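In the two complexes that follow, subunit A is the common piece, with subunit B as its partner first and subunit C second.
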Partner chain A sequence: MSSTPVTPAAPGTPDVPRRPRTHPPRRPRRLGPGDRLFLTVAIGIPLAALLFFVWLPALASLGLSFTTWDGIDLADIHWIGLDNYQQIFTNYPPFWPAVRHNVIWLLFTALLPTPFGIFLAYQLDRKIRFTRVYQTAIFLPMVLSLAVVGFIWEIIYNPDTGLLNGLLSAAGSSHHIDWLGNADLNLWAVLVASGWRHTGYIMILYLAGLKGFDPALKEAAALDGANGRQTFLRVVFPAMKPVNIIILVVTVMESLRAFDIVYVLGGGVGSKPGMELLSLLITDNIIGESSHIGYGSALAVVLLLVSLAAIGTFLVQTFRKEDR
Partner chain B sequence: MTRPGAGTTARDEPPRTGKGPRRQTGRHVMLAGIALLWLVPLLWAVYTSLRPYSDTAKHGYLSWPRSLSLGNFTDAWQQSGMPHFFWNSVLITVPAVLGTLLFSAAVAFFVSRFDFRWNIVLLMLFTAGNLLPAQVLITPLYRLYLLIPLPPWMSDSLLLYNSVWGIIAIHIAYQSGFCTFVLSNYMKTIPKEISEAALVDGAQVWRQFFQIVLPLCRPAFAALATLESIWIYNDFFWPLALIETGDKRPVTSALANLQGQYFTNPNLIAAGALMTAIPTLLVYFALQRQFISGLTIGSGKG
Partner chain C sequence: MTQQSRNPLAARDPGRRRVVGGLFGLGAAALAAPLLTACGGGAGADPKTVTFGSNGADATPKSAYAALTKAFGQDSGLKVKTNTVDHDTFQKSISTYLQGTPDDVFTWFAGYRMQYFAKKKLCTPLDDVWDKIGAGFSDATKQLSRGEDGKYYFVPLYNYPWAVFYRKSLFKERGYQVPQKWSEFVALAKRMKRDGLSPIASGYGGGDSWSILGAFDYLNLRTNGYDFHMSLMRGKVSWTDPRTVAALDHWRELTPYYQQGAGGRSWQDAAQSLLDKKSGMAVIGLFLGQQITDEAIRSDIDFFPFPEIDSAHGQDAVEAPTDGFMLSRRPKNADGAKKFLEFLGGAHAEELYMGVDPSNLAVNQQANTGSYNALQKKSADLIASAKHISQFADRDSDPGFISTVVLPGLTEWLGHPDDGSGTLKKIESQRSRFFTA
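This part shows the complex of A and B:
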């Protein structure tokens, strides 16, 4: 990146020409006052917006998590230390189910739609006809908003009028299953809808990665007598590490952030038995009649800390190369 | 990005073993089956939306249609005030996309073309900001929005809360993380010599930005604009939390109103939901290539 091979020119410090002057200096002149003003404004406004609208609220959430507050009068904020956290972990019935559901969500997504998307990408990355048609059909759900996806699945899962029960009764079963109302089933029903969307996303990401894959590696593997599965597992998959990391981060983040689709399929009223998720519990506590802002914030911080693990992995992987 | 053609020349010749054609047929059957399966929910929604409620109420949803019509679409369009909600969506999406692109282009220009000490930190701050879960921000943001006054011509609530501006602002702040990440990667591929030559010729930095770097980024802008338009249009959460009165919400959030109002008529809801999806589907089919390259040149979106 840096144009100076000797030291990565401690940026910001004035460029003292200590180097031998065999080459003309790369920076012909320093930035003028007009340039500095332009850069300050160009970076200052976006940075201010980011800090004000994103990072300040994130830090404020952290602060509020140590308080108790009903969300109405700022004077009613009282510092209570770690009480919210203690409460959440020991005395908040929906918390552990929500954690469990988030973990189930993650495992399901990581074990079914993600590998399936990779599999489809691998199948589509060949010169076959109609590949565009297949890609479009499978990717189409990604283009729809999660709200629309929710409504579409609502008319499939509806116990009285939905497609699924209609098919089941047409097939001779007299069972009347309330897919979204049954606390043992509804999470899985939602996961199917979410997987429907996730598969196409992963497929497209992986397909793009495969386009940059060196076919010589595959040929070499074929010459060595590897079959299709061996070639994929031993040669292609390891070589796709950057894409794999992106897919891992996408999968983790989507699983942690899952909200809209559950919100819509749950009838738009916060968490429902069997479908508790961290994101929904936060909303339960901060919106509504008796809001427990401190409580909701503590839940948000728990979600944040888990997310930071994924964010951190991504940032380290992405920026390590550049920081040298 | 490598062009697709680069790698696809030799590797898919029919295998020497002679089982080639059959395997291709098998693959087509499998892929067509999966593709069809993937379309079923959408096709079912289309079918439902095309049938009159009276027909389905009498014969059940899983029945042959006596008649098909666009009646549900016209009803949803007229009864629920959808034109109004669509207009709200336009009012939010267009400025938010333009603002996001402008802001992130400026930041990306800064971090990718100048060697300042805080570049990596800055880039990380933007990128990580986009990865924060929205629920982590929402309470303080809600309070902030209640504290910030706006003049009457901007918001009849006189606050950032309950105004379109507030939604635009959070979209720009939140989405510029992703776009900065993508654009800075893109700008790094533009040779530095180009702007250095301009510098020697005496061009000011702002001219380098507007006249050299921005035009060269046109493909990345096209991709990001497509992607961000769809994302911002589809967004559901911010307006739900930050806009109190339903009639200011964009169409995606307003779907919830429709659901409440016409809960008993799934045909109408299906028509309404499909109608909100039409703009994104049109954008996607028209600009499919841009959309996908936008998704994949950055791929950082969680």
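This part shows the complex of A and C:
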């Protein structure tokens, strides 16, 4: 491992190999023992941590996904090949709903709370009155712990005493709507709660970008006779590219790892009808009184592949544009 | 080590579990398992302290357990350190907990659920404890406390029956009669609905979906009898068997009379609607009593056994889950822990516990039942007269099968109770995954 740290530095910096030629006699070695030690520690430790905490578990779960195991005795691990995958794809009722819900989650988050957060940021950046109050109010959910967010929405969605049903019956009909219990409705109810939180996050990110935006560009656009919408779409938005990329990454990431708010609103017991997500199915199978580590690992590998596909596509797209 | 040994418990909060249970978590678990095993020896433990892992996080059981540990401390001079964890979380993480550095004594449930961990050697046999406490227990209870290898692994504390609860004054006001037979039961529900009540209080939202199993168990016990029910629970009979279909058909007959919005309501809120006379009846356990704060209402609560469906089986089975304690596989203070278990299995401990929490029944026959309220007396009679005692679906069966397959299936079906055979087919397709491996 001691020699590895030196090599990564070379390809990234083209002027390094040239240096020995300018002062060859005084420096027989490019790096002294102190430097070597420092580099070994500075790169070796994170590398070891990365291997140990990320790649080893990832490969272990890949390996375990071809086995059955109850998670207790290592001797009980049995190799079963692709059986888990075959089961999951053909004969696991909650699997396809979970995939569908993950896609819905991604589309919903990308199409509603994210643009709305950008919209709010753009409006609040225009130095309107009480802008700090609005900013604080919209960002507040992001500051709260998820457990608290869960409690708040439980109170809103409670079928008997909830705020929402209270308001609706005040408007005339006294019909109970079972927001979190109805399998056709609960995913949307949870998405609203998640969007409530996500909007504030996106708003603050975008606002930070807008603060660093050069006002001269806007003035120039105004002089050219652009209206508000044109200024935003043609000038501000393209110029904010770095922030846009961050927002896109955050949105995709949040959607793929969607778990916590569903878990909290589902009562902390894994997947519920109508709210199945891949992440929940994984925990369902792995954590519990009788765990099916192999089966859960196979589900985790599926989620890993989906994530890699999303991240890979995104990276390829971004770098292709950069190269041009 | 003593303080650090709490860490496995701290790791149970959802936030940490989200990380652990995430994408790479299982790899980490695979890594951690041998490490934890290696350090679970428990050297340097304090011989004066016994650690106790409790799932009694609600106010009533919590203070009842506190009374027990305090009394034991005074009797024995040993100190009991209690770790209380929320009920659902405790159950969910039990397997990881027992493989890590668990507390010496922990709360658990009788039946298949206990036998599973005994089979996996995650707990210590308690035959020497039973030599001292055995005289107080009936044969049925002894049977419940033994693993498949015939050794004792469990010390029972209390049990409680499931039944159909109602308010006496409401039945009197409206002139309702207690139903014996299924047809009378359905007719009563229909009448209640006409009278503007929710006939059957129902709340299985959030983490409370287990509560529907009480109704399912009784429907199956009454329709098909105890033996079939147990075969179904142990994975020996198909879920698409016509007999299971028949049980579900009876359930469908009842669903129009369930309280609306049940999927988003907690069982506590459902119980409250019964206490408030907004609902007529509730299929629930005696622990309903923990929900009562006004003592005047307690004396107005009564129950009747789940009605007869098939006269061949009558009302011969009672669902009465038993809760108690087990000893972890490598207790840090084995002698102290066994003394604690002897105390917990004795009549005095039961009396102390029931003194604080009157919604359970002592299992030790030597316990003084003189202070029982009317409901407790009636419950004890109900259990004593039963020909068969079942525990509860998630205790009689593989809990993983119940929580990841049966519960989602049945709760989904209750939302649209039409395609029962489709639901049963889905459940059946997963059975082999849990019961043959």
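The rule we apply is simple: the second predicted complex is superposed on the first by the 255 of 324 C-alpha atoms of A that agree within 3 Å, B and C clash if a C-alpha of one lies under 4 Å from a C-alpha of the other, contacts with A are read in each partner's own complex, and residues count from 1 in each chain.
Here, a contact is a pair of C-beta atoms (placed from the backbone, for glycine too) under 8 Å apart; a residue touches a chain by one contact, two chains touch by 3 or more.
A quick note: this is a predicted structure, and the numbers were derived from the prediction, not measured.
By the touch criterion defined above, A:A60 lies against subunit B and subunit C together after alignment on the C-alpha atoms of chain A. Touch criterion met: A:S307 reaches subunit B and subunit C at once. In the superposition on chain A, contact is made by A:F130 with subunit B only, not with subunit C.
Contacts of A:P238 after superposition: neither subunit B nor subunit C is touched. Within the superposed three-chain model, A:S297 lies in touch with subunit B and with subunit C [touch as defined at top]. In the superposition on chain A, contact is made by A:R257 with both subunit B and subunit C. When the two complexes are overlaid on their common chain A, residue A:D178 makes contact with subunit C while staying clear of subunit B.
Of the two partner chains, neither subunit B nor subunit C is touched by A:P115. Considering which of subunit B and subunit C touches more of subunit A, the answer is B. When the two structures are aligned on the shared chain, A:I282 is found in touch with subunit B and with subunit C. Touching of subunit A by both subunit B and subunit C, each in its own complex, is seen for residues 53-54, 56-58, 60-61, 64, 71, 74, 146-147, 154, 158, 161, 257, 259-260, 263-264, 268, 279, 282-283, 286-287, 293, 296-297, 300, 303-304, 307. Contact residues of subunit A toward subunit C in the complex are 53-54, 56-61, 64, 68, 70-74, 87, 91-94, 146-147, 154, 157-161, 176-183, 186, 257, 259-260, 263-274, 276, 279, 282-293, 295-297, 300, 303-304, 307.
Within the complex formed with subunit B, the subunit A residues making contact are 1-3, 9-12, 26-29, 31-32, 34-35, 38-39, 42-43, 45-47, 49-50, 52-58, 60-61, 64, 71, 74, 120, 123-124, 126-130, 133-134, 136-141, 143-148, 151-156, 158, 161-163, 166-167, 170, 196, 199-201, 204-205, 208-209, 211-215, 218-219, 243, 246, 249-250, 252-254, 256-257, 259-260, 263-264, 268, 278-279, 282-283, 286-287, 293, 296-297, 300-301, 303-304, 307, 310-311, 314-315, 318-319, 322-323. Residues 1-4, 6-12, 24, 27-28, 30-32, 34-36, 38-39, 41-42, 44-45, 48, 56, 60-62, 103-104, 106-107, 109-110, 114-120, 122-129, 131-144, 169-170, 172-174, 176-177, 180, 188, 192, 196, 199-200, 204-206, 209, 230, 233-237, 241, 252-253, 255-256, 259-260, 266, 269-270, 272-274, 276-277, 280-281, 284, 288, 291-293, 295-296, 299-302 of subunit B touch subunit A in their complex. The touching residues of subunit C, when paired with subunit A in their complex, are 14-15, 17-18, 20-31, 33-34, 88-89, 91-96, 99, 113, 116, 120, 122, 204-209, 260-265, 269, 273, 398-401, 403-404, 408-409, 411-412, 415-416, 426, 429-430, 433-434, 437.
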